[in-house]
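Next up, some structures in structure tokens.
In what comes next, subunit A is part of two complexes: it sits with subunit B in the first one and with subunit C in the second one.
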Partner chain A sequence: MDDIIAEFIAETNENLEELDNDLVTLEQDPDNEQLISQIFRVIHTIKGTCGFLGLSRLESVAHKGEDVLGLFRDKKLDVKPAYVSVIFEAFDVIKEIVGAIEETGQEPTGDDSQLIGKLEAIYRGEDLDTTAAAETVDQPQEENLIDDLEGGVWDDVPAVTAEEFGVAEQGGHEDTDDHDHVLDHGPDHIQDHEDDHKQAGKVKQQAGAASNLSLRVSVDVLENLMTMVSELVLTRNQLLQIARQNSDNDYLSSSLQRLNLVVSELQEGVMKTRMQPVSNAWGKLPRIVRDVSQELGKKVDLEMHGQDTELDRQVLDLIKDPLTHMVRNSVDHGIESPEERAAKGKPETGKIILNAYHQAGHINIEISDDGKGLSTEKIRQKILEKNLATKEELEEFSTQQIQQFIFHASFSTAEKVTAVSGRGVGMDVVRNNIEKIGGSIEMRSEEHKGTTFTIRIPLTLAIMSSLIVGIGGQRFAVPQLAVSELVLVGRESGYKIEDINDSPVLRLREQLLPLVSLSGLFGIEDPDPDGAKYVVVTKVGAYMFGLVVDDVYEFEEIVVKPLASNLKNISVFSGNTILGDGNVIMILDPVGILKTVGVQDVVDNQIEEGHNIKATTRETLLLLFRAGDETLKAVPVDMVSRLEEIKIRDIEYSKGNQVIQYLDRLMPVFNMDKNKNDSTSRPLIILKHEGKNAGLMVDQIIDVAKYHGEFQDNSNDNVLDSIIINENAADIINAALLANKGVIISEDSVHG
Partner chain B sequence: MRSCLIVDDSVVIRKLVRTIIEDFDFECHDAEHGEAALNFCKTNPLPTLVMLDWNMPVMNGLDFLKSLRTLDNGSAPVVIFCTTENDMTHIQMALEAGANDFIMKPFDKEIVRGKLEQNHLWEPR
Partner chain C sequence: MANALTNSESMQILTLYMGDQKFGVPILKVQDVLQSQKLASVPMAESYIEGVMNLRGRIVTAINLRKRIEGKNLADNDNAMNVVIEAYTELYSILVDRVGEVLTLNKDDVEEAPLTLDSGWRQVIQGVYQRGEEIILMLDVDKIIYTERT
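After this line comes the complex of A and B, so read on.
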């Protein structure tokens, strides 16, 4: 009998998992006979089995629920939201009881008379007060969720341990022969309703962890396996390193090769056992969306894509609550009321789309809604109200930067605080918790169109792909997730580190990238300050910054070891690892570094929309043209006096140089493509410099464009510098040099 | 040994019924719904006893019973419908379709013993 109870719990949990979603679907599609039969059957089976097992409290709730569902099935009762809410309430009680049985082996005592009364009333065809029903279901749940987000649930990974199973098994002490006496100790104990709900939060998590497993293995066992495999990976790495140094032993290297392969497969296999589909974290969302939208009188559809995307259960557990919170937020703050939507010409029913997908070794989860989006104006006011930035600073921020303020502590823009969200515990907690597992969160929003959150999280926390970098001879690991690009700077690389307002920056594709010098940060002496450096372009959420390092080695799968507790408060490191050669190195925490150097500084220096550049960098208007070869060429517009079209036959020769009669003077003409004389006429740029003019014959005038940035402008070469403009490379022609060879033409005559 | 086919969509119920039925000297077989049960009956000697649930996915108990009765050739299995009070209205239909008896869930060994005795599958002692 013991294993029967355990099996009953597994079966019931599995069925219940689907039940919430099925019921939500049914509410939207009340005529779906197959669905109602399915829901009915699940409850029917629970009720039937309970009888055998002597679980009287569970049986009575399931029984009354089944009665109502039977009416739905037989079309004697319409599927109304108010009724569905009560059925949900019954599901919750069932889950709570099943969870408690799983934990203690005993059916918990409790008073369901209120719920049973409601179910009976529906069965008898009495009308219910909708709001009363909805409140009792949703209110206590809300408390739990907020508590979860505030409290330490994050550190406390719910795990079903062997002990708990043991208890559950012992609990099944009843026998079919004598189940009658068990019936006695059921619903007689009257208890405070609140107590039940305090239990509910804990119990629900237990239920989630135990379902959907075909083979039940204690999570402790898996964790242990993972640790050992991690150790094995390290040892393998060390062995491989040794073998590389002593490559003369064929015997050793072939055995090692095999070991390498097996260990890799073992690692993959163990990782796989820890993988769970993301739908495990999403399972409750349709129900939550339904409840919240009901409560707020909104119409919301939830669409889910990529439910099968798998990730480590530890990561999954940690993102479950942030996800739930964000989806609630979307319903509460994002989606407008049906009237508001209709007035805006949008469909009355709002849409929330969840999407999960793999991308280069990590998982992206997007939560988008087609709601009202973020009002930048309101955020701006709030920023000023809360003194998070000055008015002057705000002027400088881009829309994107302003929107990121919603991740600041105590930042809620809802005009009225509702019970659903917006108590000030919000996006900052979400962000902190996502960053805690090495992930990042980003938001894009357009007012009246909607908001999209993108969460990027690692597949697993145990083994991480990292870039190994060197600073002054010491090595560090940078999580690959954060690395978006590597740039070689100094020497002939074409990139150089500049100082703007005393902070180092790198000009990268028309953007200024704030830099953090790791040698400066860690106090490591730089043996070669003027030598070539690498900039590791690092992305944390919407912020980009560069880490300046001396060397870049390779990407390596490293096993993350947590920091010793006395180093925990050093936020620039997230852990350490042992490399193949046996050296212990620190893992850098980009988020921690960003915080240590000051997020504000970075935001100040961040260039997103270009308007900051005006204040700090030179802007040059360039005339773009082609001449000779395909390379784009440019001259500053302020060195151009006129553009003319000349006929080839008008070109004359004077002292062996090409000249043209221009405003009664012979002006030298420079031809960048001497071989090209086939056309009858060509564009001529008349350059001016310090009063002198000269003509530059080109193939084609392309455009005039603004260039933000410096270029070399004092040189005796024909080409001053090469720049990137409009994503194309362009040579800046030394117009001054050419013009100086020209003749003086008075301004009067030019314009005359 | 005589055999019993237990048809129920709940694995827990199947196990529970099996523990009871095995004590009455039956070799037990499982099916999770009517269609699986029907396949079993088509590919194996017909069982002596069928413990049949009503409400199952794919094929319900009544449809299975009707099909089973068309299969049978002389050796008619004793079919006991396992129902709950919600299925009371169905009992008449079940008996008309050829069920021998019905038994109300939850049942225990003594109730099953009584039913088996009534259907001459167990000798009263």
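After this line comes the complex of A and C, so read on.
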């Protein structure tokens, strides 16, 4: 492709991206003169340049668009959404043509007469609806005329355009307040009208002057540079390793130190060249929000914070689509219609807030809306409908757990499929894409209040900090992002690996952590099966599990190299790398490992740790206590919000029921205490179930113990079932039944 | 001979041995010939993938030719020769017992592989070249690398 055309396309693409946002702003703020002249200038530049390049189709559309914008600017026409929509349409056509030129080097053929008809109708001040159809009939002629005239199009409406032309230039210069500039280029105005070629040249010249301080470098060059630097980093690591072994050579070590420093700085510098502000990925969002909300008849404001936060362009490219999808989702599913919002007492205009910020070597991107939030009830129905869980399992899930189901494949809660979303290929794809680049996604949602998604992604993909672990003498890398802690097990460490139904687990702070033995999975012989091992506690989304390894070496910055194509199907590895000592090692992919060992479903559901374990191993953690009589009683720890101490005399009566004041609310208390002394403190178990809380006053808290096995957990009796635990009989109290009589006390205030 | 070299229909091949059987690969695909290298094994990979190694900062995937064709080990698996080839910007090493010589042959002389050949062999053989008493099997490098999904 011609260099000039290539440059024109790059420049136009940049301008168009900006234009989309400018137009959305203009629609909201029709009197913003500065904005109008800005938009006008951009389209004027496009028109001028493509006239020069002989791109006649592009020119005719740009020209007509410019005419209408000219009227806006001269206040001869009010900025109305209908008009802006047509302008948007014109920009879309321009984009399409530019895209085609980029691909083929040729201007594509096509008929824009309808669009041009609409633009002309607006220009003539006619009503859109009545003229659009009529215009299409005689439009082809007009286009031919334009084609014939090629460069000198504005001759067909000479008076207005010529006048506007001058104004346009002046408007531009006024804006920059650069009077000298006006003088310098003053004479050009006259020539402009005579000679299009010069006009285009001048526009280019101006653009060049402004971007003097930056260079346009091809991405390939940068990629190449990055690869070379990565190699350099590896070579440096090798040299450092050698130097460590021969530490007696002072010259070597001091030069190496310098090299080390320079390489680190070089690496940083090259990384910087790849950084782009996150606004590059957000650029299209205002337009999308506008289009979607208009289509759905909703009112939505999009607020963006932290646009300047920088990300590696490769990462940026990969999150662009998930982000777009999520924002679209927010408008479609999240924000309610203005009527619905008004009925709920919310402002009619919904709000979507995008926020990007750095946190501990990662970028967090938050997408929050003040819409209707996730309806637990609807999700529950959907889960049953799709047979993703049984009714009994559902009862056990917390609201949070139920909400996590939206990440399940083929899950969409929109009641009807709209053009925008609701086809069921939604959040699971988003999550997969984000996890593919080593990121994670979390969600908080409150019904009627809104939803917040937090995406956490690494700054760059090329270089990654990893933990090097050993399995039977062979080394592997675990991405540091996935590692949450390391536990030494066996020998005298106090931790040991236990088996439940042949699956290894580790008891860690009263949680059962499922383990994956990598030597078992990989078929690597374990030289010392009874020796000390390490458990790498790994987090995938909200799911925690442990990788059992033999050795833990160090954290090392590694350069990720893609797997050869005949190794790509092994999902437990995400790539490979060359270590400082020259050895090649494989990089473990925690998500892939989980899928391989068959906990795919668990991962899909993103169920919280505690329940996961219960569901897979049928283990329940019970709080044991005595109350009333000598029988041991128990409630699942999951249903206990916290333990308090109260005195009997604190109990009050409300409508004949025993209540206590708890966090400024009246909470019912079930007194199972036989002791009537009202001045001593007694334990109170605060139960929680489905957001409701109630107090259970008991004699004595005994222990927390694990119960292996099933018990009846769905009944209306006060005692659910009797079990044997620690060789004692115990009654399981129906905590759900009690809690249901309770009041809602939000978790926040409990913890606060 | 000089004529054959300039002839557009001629090609140069590197011969290599698996046991007594002679194979040929186009010389233009060959990047390096190396002595036995230190390999890092790749768990859960196809059995014929012996491992990965570092060749001047690039990662090379090693494929055991005999395991690929017959599912058996080479004569001396630990001292196999590496014939490094480049395919689709990735490097692969074909592990063989021995490397022979470079031959120039006429493309037209390469015949189709006999249909009676065992299917394991036929998968990776592009054609057969007869050179006097000798038979050289021309390896299809791409097929060696990618397993056909069944």
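Everything that follows uses one rule, which is that the second predicted complex is superposed on the first by the 431 of 752 C-alpha atoms of A that agree within 3 Å, B and C clash if a C-alpha of one lies under 4 Å from a C-alpha of the other, contacts with A are read in each partner's own complex, and residues count from 1 in each chain.
Just so we're on the same page, a residue touches a chain if its C-beta (ideal position, glycine included) is under 8 Å from a C-beta of that chain, and two chains touch if they have at least 3 such contacts.
Given the structure is predicted, the values throughout are model-derived calculations rather than measurements.
Undergrad: Applying the touch criterion given at the start, work out whether A:A564 contacts subunit B, subunit C, both or neither, answering first, second, both or neither.
TA: The answer is second: A:A564 touches subunit C but not subunit B.
Undergrad: Classify the contacts of A:R41 with the two partner chains as first (subunit B alone), second (subunit C alone), both, or neither.
TA: first
Undergrad: Could you look at A:G709 and tell me whether it touches subunit B, subunit C, both or neither (first, second, both, neither)?
TA: Touch partners of A:G709: none, neither subunit B nor subunit C.
Undergrad: First (subunit B), second (subunit C), both or neither: which does A:G51 touch?
TA: A:G51 sits against subunit B, while subunit C stays out of touch.
Undergrad: After superposition on the shared chain, which partner residues are touched by A:G70: those of subunit B (first), subunit C (second), both, or neither?
TA: After superposing on A, A:G70 lies in contact with subunit B but is clear of subunit C.
Undergrad: Once the shared chain is lined up, is A:I4 touching subunit B (first), subunit C (second), both, or neither of them?
TA: The first partner, subunit B, only.
Undergrad: Pick one for A:I578: touches subunit B only (first), subunit C only (second), both, or neither.
TA: A:I578: touches subunit C, not subunit B.
Undergrad: Quick one: in the complex, what on subunit B touches subunit A?
TA: 9-13, 15-16, 19-20, 55-57, 84, 86, 105-110
Undergrad: In the complex formed with subunit C, which residues of subunit A make contact?
TA: 231, 234-235, 474-475, 521-524, 561, 564-567, 570, 572-573, 576, 578, 582-586, 596
Undergrad: Quick check: in the complex, which residue numbers of subunit C touch subunit A?
TA: Per the stated touch rule, the residues are 38, 40-46, 49, 52-54, 57, 59, 61, 63, 88, 90, 92, 145-147.
Undergrad: Under the touch definition given earlier, write down the residues of subunit A that touch subunit B in their complex.
TA: 4, 7-8, 11, 37-38, 40-41, 44-45, 47-52, 66-67, 70, 176-177, 179
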